[in-house]
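Remarks on the structure that follows.
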Amino acid sequence: MYRLITLLFAGLLAGIMISCGGNGGNEEESDVIKIGHFASLQGDIATFGQQTDKGIKLAVEEINANGGVLGKQIQLITEDTRSTTQDAGLAAEKLISNDGVTVLLGEVASSLSLVAAPIAEREQVPMLTPSSTNPEVTVDKNGNVRKYVFRVCFIDPFQGKVMAKFAKENLSTQRIAILKDNANDYSVGLAKNFRETFEAMGGEILAEQAFEAKQVDFKSQLTDIRDMNPDAIYVPGYYTEVSLIAEQARDLGITVPLLGGDGWDSPELTKGKFKEALEGCYFSNHYSVEDTTAKVKAFTEKYDQSYGELPGAMSALGYDAMYIVADAITRAGSTDSEAVTKALSETKDFPGITGNITIDEQHNAEKSAVVLMIKEGKFTYFATMEP
Amino acid sequence: MEEFLQQLINGLSLGAIYALIALGYTMIYGVLRFINFAHGDVFMIGTYIGFFILTSSFGQALGPGFGTAVIVFLAAMLGCGLLGVTIEFLAYRPLRTRPKLTVLITAIGVSFFLEYTGQLSFVFGADPRTFPTVVEKTMVVQSGSLVIDSYQIIIFVVAIVLMLGLRMLIMKTRIGTALRASSMNLNAASLMGINTNAVISFTFFVGSALAGAGAILYAMSYPKINPLMGILPGLKAFIAAVLGGIGNISGAAVGGFIIGSAETMTAGYISPTLRDAIVFAILIFILIVKPSGLFGQGGTEKV
Amino acid sequence: MSLLNLKNLTMRFGGLTAVDAVTETIEPLLLMGLIGPNGAGKTTVFNMITGVYLPTEGQISFDGQNLVGQKPHEIAGTGIARTFQNIRLFPSLSVFDNVRVGFNNALSIGILGSILQPRSFWRGEKEIAEKIDHLLEMFGLLDQRNELAKNLSYGDQRRVEIVRAMATDPKLLLLDEPAAGMNPTEKQKLMSLIRYLRDEFQIAILLIEHDMHVVMGICERITVLDHGAKIASGTPEEVKNNPEVVKAYLGHSE
Amino acid sequence: MSRKHRSYLYLLIGFAAIIGLSFPFEAGLNSYDMRIVINVGISMILAASLNLINGFTGQFSLGHAGFMAIGAYTASALTTMVFGTTEGTTQELLFLVVLIAGGVSAAIAGLLIGIPSLRLKGDYLAIVTLGFGEIIRVVLQNIEPLGGSLGISGIPRYTTFIWTFGILAVLIFVTENLMRSTYGRGFLATRDDEIAAESVGVNTTKYKVTAFVVGAFFAGIAGGLYGHYNSLIRPLDFGFLKSVEIVVMVILGGMGSTWGVLLAAALLTYLPEALREVELFGIKFRDFRMTIYALSLILLMIFRPQGLLGDFNAEEFIRKIRGKPKKPATTET
């Protein structure tokens, strides 16, 4: 029974060690502006976390090369969440308490952003998520807008609605089947909103089939869908699975177009043999890589130069998020948390890669969506959909 | 009926791949009596070996075709085989006399090592890669809603040929006899003058090489590869091995086909999202009802 | 009334018949030997009696109760205790705790009582501790009381195993080769110990032993197994002169 | 104070110390450090509860995260869907209720999972428990009212330093007392030699199931604490990786050594945070932490399989440094 006492001593020691080690967000005047990014660099969704981080890093490099913000250089601190909620909490808290970051960027997964959002609220540090689409991230369950939390991306309802509208009006489809990823709240959210809008417009949802992320065989679901003979299939998943779904659908003799959301946006989507399978499909997105405006072109080229690959939606959103933060700090004229928060909430028509972004009352990004059509493996602009 | 047939064919071609992976589990268990948890990740490495060959300038010059397929298969089998031998030599051999659970934990460590090192951006990166075409896919049967493509047939043929080859190897060769003797009793085999270290290395080589072959077949049919892709097929193949009676080579083959079909049937007739849960449920059911599996012989503990 | 009745007891492992229709009775307070060449099925008989193996055929009744199909710990509860040929102590526990495990069922304290440990818990533990110390003293093991079982000498381990078996308060004690690995002096001590056990605790003892000196010296009755079948039974003198037995022991060199 | 009540005395001292420590901790630690401390506490509860199953009873379980998930979901669902956010004493009371409810539902699952352990040993049991853990995760993912893959969000933050370490103290009290009773002896006997244990009347089945139930109960409570600290729980976080992490704590600490297991849990939770900024040869540790974790696991098994404190006896050590003569440890009873 000496163990308990010894344990307590050990706990005390550990506590002292921790409190000596942490330098608890010193308020000293520094010549850099610290921006924190908590991201899934390892684990299940590392692919999206790594892309976002690349986009943010590119933006920071550019901003610093152009003289920084308010005459100060930006110091980006990235912390890994290992795709887990436990580490998301730790990473966010560390960036705020220990590093004293001015703004917190992250996460891809809404669930991980939802762990950090209450922390940002409590610590009164503005947080901008590049790609968490669940409405709850900025507006809590009771309908209260979180004062310090903003986002750059669409929310699930918006993209679901846009694509439903597009399917009904532009493609004149009447009967649609849905294939969603049950393990992914983004996919589930898009599917739900697509169904609601499409049915409200008089369309018919034939079936709502599901799969689990990481599965690679979708033939069972697709066989069922094929037998219903839909006009199109809505597949609001990530490109990691969509390519396989498209290929297997074509193998089963399904020829109707597949429709999707911004999760499709990656050069990997149509690589190799998937090119043919996805020909003539459509997805909603923030922008088009094929966009010839100088801004987009410069971004795409720079990204390719730095990383040897074309950017996906996550990279573009990360890039935009960083620029919006820089813009807000510039407008605020200081790194004061309240001022930056206010400036963020007043973001209006910010010309980003992913569209002209205005932060609305719900702290969501108000911007128009584009629908891209896949032609010979390229994502070509097809239509602009207003919110 | 047509749908049932379709699900069965899909299941059998998936099961053939599981069977190939399961053979490695069962051979290694047969000799060393431990679960090589990293086997699924050796399988993953196999797909990347294929990927790098096919995307290299050499592979691109070859283009899809029969010759390319043979080269890729041999390379993946050789690469995985050598990896298996290396893992055994570095991580498992020092633990030969330790409790099985120590080795199991080590195997989990090896598994994590391969997965997370693979995720590092300068190794494979976490982003899934598209596996290039090895041979062109053609539709063989397309009557009504029944569809059979050339890949399904290739998978089936390759798997059966490899299994028969393995059988020949084990039954007809000297090293095969040594392997059989070692899986009956490693110590006795060693006393009889069999170089058990060589037998164990050989077992790891052959088992891992089969996983390498399975990897190429798998990547051909589901051409998106990523560093974590080995986990699920690995687990299912393991379950197949247990179902067939772990340590029993024909059992592993049969188990693979059963698990593959059970999975597609579940997806087709019950719920696609429950397919993995069902496979685990099968595992638990077997282990509780008949832990020795379908073809395994139950041993009595000597008291 | 007999204590233990074996009727037609048979055990087959696959094609091998390890024990073949053995019928036997053991009276209370009897000191009985079970002998036979290696592989005769002696330990298998023990394992069937104690529930480790389920007999292929036959009946076992003890004190009027049927034992077949009961779990080993239930059989232990009816009053049968045993030792093992290849000593099975709890290596990471002390000698004292090894014996204390044998008293586990004597303490009827539930899980809440074990966690909250009211007065009655301590009373029970104290009583048991006294009994254990008494037993250890009786077997000359008190000095090794707090030693871990795995650190004991071979002979001490054998004795601890017997003490642990006695802790369950048995009516029948099964000893599997208790003299194995002992020198003549130790064997002599063991023989008097076994007799003492029977007299002091009023139990029946069935022992498997290869050392004929020990068996003939202490057993009142001896049963001989060969190839799983019972070939002889009687007093040491009768068995010694039985031609079948002589053949079984010598015949193996044919 | 007689030794009979010593365990209660220590529990009281423990509570007092925790309450005493909570003031400087709350005041002196920033919220990141506090989060580490709470996570350390939760890890300690998980590891110590698995130690009961794995270390003391020798039943190798790879599904501990599944128990944690059941507890977390039960407690969090009760709070968010039934009771709602409350304050003051009501909050503390309701928190206790939901934690216990979480523990009980996990214990029921422990009972169900304990049953296969009657027939299976070693790596087979490990695989079955792994399967159970995965099934729990997949099923939770498919229950829409529990949030599906997003999980339950907006859980109020009730977990405090006192709650976490108070429960840890209770767990240590329960473990230490159990280990000194027939149950503890039954656990150890089952671990050391099942056949020998049965031969002296030990119902190994009962002890195995008891270990699973008690271990699962505390893992469930740890889940409740986790949910009420992290504000969100989702099925993915209770997967195979989490189970392995807990197993590694138990093995690193030395199976069956409460002291070592607690230390290992603290180290393995604290070190990754402490090393976030560490750079070696221009390589940031945080980018390689999983690779290093895997490598250390392999090296640990090869060079020190008995764990950090596997053959270390805290009581003996303290006796040595106090210079007291070795007294028979077992006379304590």
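Letters A, B, C and D mark the chains in the order given here, with residues in each chain numbered from 1 onward.
Quick note on the criterion: contacts are C-beta pairs under 8 Å (C-beta built on N, C-alpha and C of every residue); 3 or more make two chains touch, one makes a residue touch a chain.
As the structure is a prediction and not an experimental result, all values here were calculated from the model.
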Where subunit A and subunit D overlap in contact partners, by chain label: B
Reference subunit C; chain at largest CA-centroid distance: A
Identity of the most central chain, Cα criterion: D
Whole-Å separation of chain centres (CA-atom averages), subunit A against subunit C: 71
For subunit C paired with subunit D, centre-to-centre distance based on mean C-alpha positions, whole Å: 40
Subunit A and subunit B, separation of their C-alpha mean positions in angstrom: 36
Subunit D, residues touching no fewer than two other chains: 7, 138, 141-142, 195, 287, 290
Where subunit A touches two or more other chains, by residue: 42, 44, 182, 212
Shared interface positions of subunit C, touching two or more other chains: 52, 84
Of all residues in subunit B, those that touch subunit A in their complex: 3, 6-7, 10, 14, 116, 119, 121, 125-133, 137, 139, 142, 145, 147, 149, 222-224, 226, 228-229, 231-232, 263-264, 267-268, 272-273, 275-276
In the complex, subunit A residues that touch subunit B: 42-44, 46-47, 49-51, 182, 209-212, 214-221, 223-224, 226-227, 240-241, 243-244, 247, 251-253, 266, 268, 271-274
Complex contacts: residues of subunit B adjacent to subunit D: 34-35, 91, 94-95, 98-106, 108-113, 116-117, 119-120, 238, 242, 273-274, 276-277, 280-281, 283-284, 287-288, 291, 301, 303
Interfacial residue positions of subunit C with respect to subunit D in the complex: 50-52, 71-73, 76-77, 81-82, 84, 88-94, 96-97, 100-102, 104-105, 107, 109, 111, 113-117, 119, 121-122, 125-126, 129, 145-146, 164-165, 167-168
Interface residues, subunit D side, partner subunit C - complex: 4, 7, 173-174, 177-178, 180-186, 188-189, 191-193, 195-205, 210, 214, 256, 328-331, 333
